[in-house]
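Paired with subunit B in one complex and with subunit C in the other, subunit A is shared by the two complexes that follow.
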Partner chain A sequence: MSGEQLLIVLSTAIAAATPLVFAVLGETLSERAGVINLSAEGTIMFCAMAGFAVALASGSVVVGFVIAALIGALAALVVGFCAITLRQSQIAVGFVLALLLSDLASFLGVPIVRVPGPTVPPLPLPLLSDVPLLGPLLFRKDALVYLSYIAIALTWLYLYRTRPGLTLRAIGEQPNAAFARGADVVRLRYLYVILGGALMGIAGAAFSLDFKAGWSHRHTGGYGWIALAIVIFGGWNPLRAALGAYLFGILQSLASVAQDQFQNVPTQVLTVAPFVLMIVLLVLTSAGWLDRLASYFPPATRRRLLQMLRTSPPAALGKPFEQD
Partner chain B sequence: MAATSQPSHAAAPSAAVLPLSLVYRVGALVAALAFVGLLILVVGESPLSVLGALISGAFGTADQLGRVVNTLTVLLLCAAGLVFTFNAGLYNLGIEGQITVGAIATTLVLRLLGEALPAPLVIASGIGFGLLGGMGWGLLAGVLKVYGRVSEIFAGLGLNFVAQGLAIYLIFGPWKRPGVASTSGTEPFPESLWLGTFGRTEATPVGVVLALAALALTIVVMRRTYFGLRLRAVGLNLRAAHVLGIPATRQLLAAFALCGALAGVGGALQVVGNFHRLIPTISGGLGFLGLLVVMLVNFNPWFVLPVALFFSALNVGSLQLPLVLRNVDSTLSGVIQGTLVLSALIGRGLDQRRSRA
Partner chain C sequence: MDVELIHIHKHFGEVHANDDVCVRFRSGTIHGLLGENGAGKSTLVKILSGYITHDSGDIALDGKLVSIQTPTDAIRHGIGMLHQDPLDFPSLTVLENFMAGGGGLWLHRREARRRLCEIASSLNFSLDPDAHVSELTVGERQQLEIVRLLALGVQVLILDEPTTGISAVQKEQLFAALRQLAADGRTIIFVSHKLEDVEALCDEVTVMRQGRVVGSAAIPCSPAQLVEMMFGKPLAPPIKPPTAREEIALELREALIRTNTFDLHVPHLAVRCGEVLGLAGLEGSGQQEFLAACSGLIPLRHGSLRLNGREMAHRPYHSFMRAGVCYLPADRLRDGLIGGLTIREHVALRAPTRSFFLDEPLNARLTMEAIRVFNIRGQPNTRVERLSGGNQQRTQLALMPNPLSVICMEHPTRGLDIESALWIWQLLIARCQQGTAILFASSDLDEITAYSDRVLVFSGGRVSEPLDAHRLTADVLGHMIGGKF
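And now, the complex of A and B:
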């Protein structure tokens, strides 16, 4: 593979990963607060359809994104209501919504199947796009892609460098302790689940208005489940999760290159990769093999290594909050 | 006097509670139907004509009825298996993969034995290997859960994609049709390897017997055996069950194995009874639909049959909707099924919240 080809692969990977980046950031926020939003598959699909339909009708891509974010937030509100207020199984409600919204998207989206519509216009950044290598790789994209860079940085900073971020992590780890220290666990969980849902809505519209423009039956099929896997792979850290999304983007764009060489293996086979990686990583970290591996390294490196590869979920993930 | 007043006194609160619970249940059903009716109006059709089309699509001809029965058999096998995992407190979202691997195992046997042995023997061993394949895939999720501490939800979803990837790889690679490989699946098996049917319909007696036997077995095991009791104990409180000396690990693995095995038989039926070849979407989403069925009946095996029949009729009946009514897509079946379950979950939650208060 020549250098130029590599650059194209990486550049395509960034574009392909952008919707997933929004999705994994949203899911990470939600899960960090203690609520699994298992509806991702359906939310992304429905918001892709709705975002495209609205943009088509209004002629404005921005309106499409706003409505998609609102619908994503609304779907997350249903998950939040069932999980937080009604204390029902988060898995049950998320799973049902995943199936229901996928089918609802197909049901309501019939009139706009394969209709050409508006897309996010390219926007090369002045000066930055002329930087050798990095310019064409990162800065000859569109506003949405730049927004995704900002979203990654902001989410990370918020989680690890601000006081509300600390509280967010606390309500997912030790909700009772956080409550005792004055955090309104119920309200905050609602807030982050809804915020996460809005990001998933944006992810949906990012498919239908940008990376995979248009709408067809099961247009974003599988991406929601992949996002869930990447969040785990990313160890509930927004930076690592985003990295996971880019890794998946690279796999995808490599697959389309490899298609020329291995014609009899369709690209769908490669979508298996993130799941296999997720399972392997989870097994390695939870079964103590990671600790054994780390013990061969000097203490300083050992701590860094464990920090880097650790994948323990937020302690209260999936559990309803009951005030003592 | 005092003796007679006591029972009625004790019964009074429960008599007051029961109808209110019922109100929530009926309310959930009405809300779901109203929502679906509204959606149909939104796309510009009348709910009544959709209902008519659904009924005639599912029961109009013997052929369609046969398809409902075939869908029902696979759905029943999955739902019966899921009763075990749900009662053990597990969300076996990996059931789609268990169907797929069962179907792959069956296809493998049919390809290997082909016409070397008498057809009934080949079909029987095909179904047997389907069972083993599904069981193995279910146990894999179980081992990951029990020994690797990987949540069965995410391991299951991941294993679904792995199984699907394997099926696609086989269809496009080693098992591709002579000529060009395509998403239409492998080369169909000769008719001698098809499961016998009721008359000219597609419904297979063997499938019906297997599905009903699986459901009966599930009811008996869950309601009449120590195994079922222990399974429910593990599901209610894993730690308490462990402390009381119930081998929780073995119970969980057994639930995965049983569910996987039944799903595997479902996958085998998809191959020998329905499609007569391996296709990429061999599970047809019936595993996920089984999850909805069992959630809707709140894990109670007695109600599985009527709900599964209703859902199967919806699946088959909706297929011809777009042909009869221009604006109505066949995904309406999924919309109805999902809305019913979501609405039931919310109704149940509101009901519980009320009794907590």
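And now, the complex of A and C:
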């Protein structure tokens, strides 16, 4: 593969990963607060359809994104209400929503299938886009992509450098202890679940208004599930989750290059390949394998290595908060 | 600050957990709140610290009535509580735990670090701000909570069973710190079921039984008097007769046992039938892994392990079980019992039949028998997580097969009241007389010296030669745990 080809692969990867980045950041926030929003698949698909339809009708991409974010927030509110207030199974309600919303998107989206519509206009950044290598790779994109960079940085900064961010980690970890220190666990959980849902809505619209430009039947199929997997792969850390999203983008972009080169391989194989490879990667980062790897190291470094690599889910993830 | 609790009542459903409780805690003193499990001490201090609200009654601070509805209210009034299981965030660092809660947008790490170290060193605690709380011992987590509460300006410090699960050295550190805090004019409320701790530390003591205050006394006073107040009758510990026989139940040779941080080497150890072997040492010195290895839960790295003469190294856990080994973990609900299942379902799991369908009449009969014989305070359909710690331990013991050749136990009586602890040891001694060898780890040195025939000391990644328990005192043991052997 030539250098130029590689650049194209990576550049496509960033474009392909941008919607996923919003999705994984949203899910990370939600799960950090202790609520699994399993509806990601449905939310993303429905918001892709709705965002595109609204942008088409209103002629404004921004309105499309805003409506998508609102719908995403609304879906998350349903999950939040069942999980936080009713203390029901987060898995069940999220799963039902995922199925319901993706079918609803197919059904309601029929009139706009393959209709050309507005997209986010390209916006090469002055100066930065002239930097060799990095310029064409990172800064000859559009506003949405730049926004995703900022979102990654802000989410990380918020989680690890601010007091509300520390409280967010605390309520997903030990809600009782957080409550003891004056955190309003219920209100904060709602806040982050809804915020996470809004980001997922934006992720949906990012597919139909940017990366895939348009809507067709089950246009974003599988992305919601892979986003959930990437959050786990990323150890609930926004930087690592974003890295996971980019990795998935690279796999996808490689698969499309391979499609040209190996014409005799059925396309279905290459479309599915990134998903399979991603699962293999998840297995490799699982705890059991890490333990075996670590056991080859001397005891003194073993502990530090494991501490660095191992990630554990927020301790209260999926558990309702009950004050005793 | 003087704290007065006036005519406090609290019901949990049918149970009258606090029945017209009146106590006064004077500033500058360490006040013990003594009673067996379920006496209502924890309920009372949780009311004072805002974790639960009382049905009726008043709380007065320095003579002024106040309303405490939430933990935040309590902190605002200068009342802080250290819970039995510290309420902290294991996945966060010490510094982050210290900072969690409170207002403002940005985290001032440097300022917080300075404050943390300042308070910690004033109490002679050594806390590494960057360590993860999950790596700390219970004792260190307590120290962190105390430091955090003091940073919030707490004048009344409540400690709920703080000496459970910490080492002797940490206990001394804790007591020294508490004396210092009392000398500074703070009010210390020390909740405990351990008589000796209350006698060693407190200035005065209030005894509770079945939700009521049954009396109070100034320390020093006679222990017998306190015991009688606690239980309504005098108690005597069981005497351990010599039970060791000639045959060897468990033998280790050149065994290497892997722990998280080091490999533990045991050159040679033979445990005889009927013998009680106590494992002493700071928590995390390898006792748990040693017991797990002896019961086949983790494989030996190399070396030999013989059970009743048969080589068992690298055999699976169920062949250890078949060979008569039983392992009772410290965390009863996590590793021992199955939360969500009832006592009867536990009995059914262990029932000696292989039939496909559950034999309910048989299970019902076995369960009733277990409840009666083991004096479990619960119904056959009570789910195990609803039982108190003592009754969970009794249930675990009731589920032990009979006969057994080796029992491996972690902290057999941790968190239990004196009566349950004595009862459990009576039962274990009876097992020894049948020829069962018992290996147990405990952080209670008196328990180790009282019941062991021989003792292994774990310290600094090493394990001592077996020591004759009759020549050991808790004092000597304490020094050895510090690494002098």
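Heads up, the rule we're going with is that the second predicted complex is superposed on the first by the 280 of 324 C-alpha atoms of A that agree within 3 Å, B and C clash if a C-alpha of one lies under 4 Å from a C-alpha of the other, contacts with A are read in each partner's own complex, and residues count from 1 in each chain.
The criterion applied here is as follows: contacts are C-beta pairs under 8 Å (C-beta built on N, C-alpha and C of every residue); 3 or more make two chains touch, one makes a residue touch a chain.
Note that this is a predicted model, so its numbers are computed, not measured.
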First (subunit B), second (subunit C), both or neither: which does A:Pro116 touch?
neither
Look at A:Ala180 in the shared chain and tell me whether it touches subunit B only, subunit C only, both, or neither; answer first, second, both or neither.
second
With both complexes overlaid on chain A, does A:Pro126 touch subunit B (first), subunit C (second), both or neither?
neither
Subunit A residues touched - subunit C or subunit B, whichever exceeds:
B
Touching A:Pro298 in the superposition: subunit B (first), subunit C (second), both, neither?
neither
Which partner chains sit in contact with A:Ile232 here, subunit B, subunit C, both or neither? Use first/second/both/neither.
first
For A:Ala92, using the defined touch cut-off, is the partner it touches subunit B, subunit C, both, or neither? Pick first, second, both or neither.
first
Which partner chains sit in contact with A:Arg161 here, subunit B, subunit C, both or neither? Use first/second/both/neither.
second
Quick check on the output: what are the common subunit A residues between the subunit B footprint and the subunit C footprint?
none
List of subunit A residues in touch with subunit C within their complex:
161-164, 166-167, 169-170, 173-174, 176-183, 299-300, 302-303, 307, 312, 314-315, 324
Could you list, by residue number, the parts of subunit B that touch subunit A in their complex?
39, 42-43, 91, 93, 144, 147-150, 153-155, 157-159, 161-162, 164-165, 168-169, 172-173, 176, 181, 280, 288, 291-292, 295, 327-329, 331-335, 337-339, 341-342, 345-346, 348-350, 352-353
In the complex, subunit A touches subunit B at residues 38, 78, 81-82, 85-89, 91-93, 95-97, 99-104, 106-108, 110-111, 222, 225, 228-229, 232, 264-266, 268-269, 271-272, 275-276, 278-279, 282-283, 286-287
Complex contacts: residues of subunit C adjacent to subunit A
51-52, 70-72, 75, 87-92, 96, 99-107, 132, 260-263
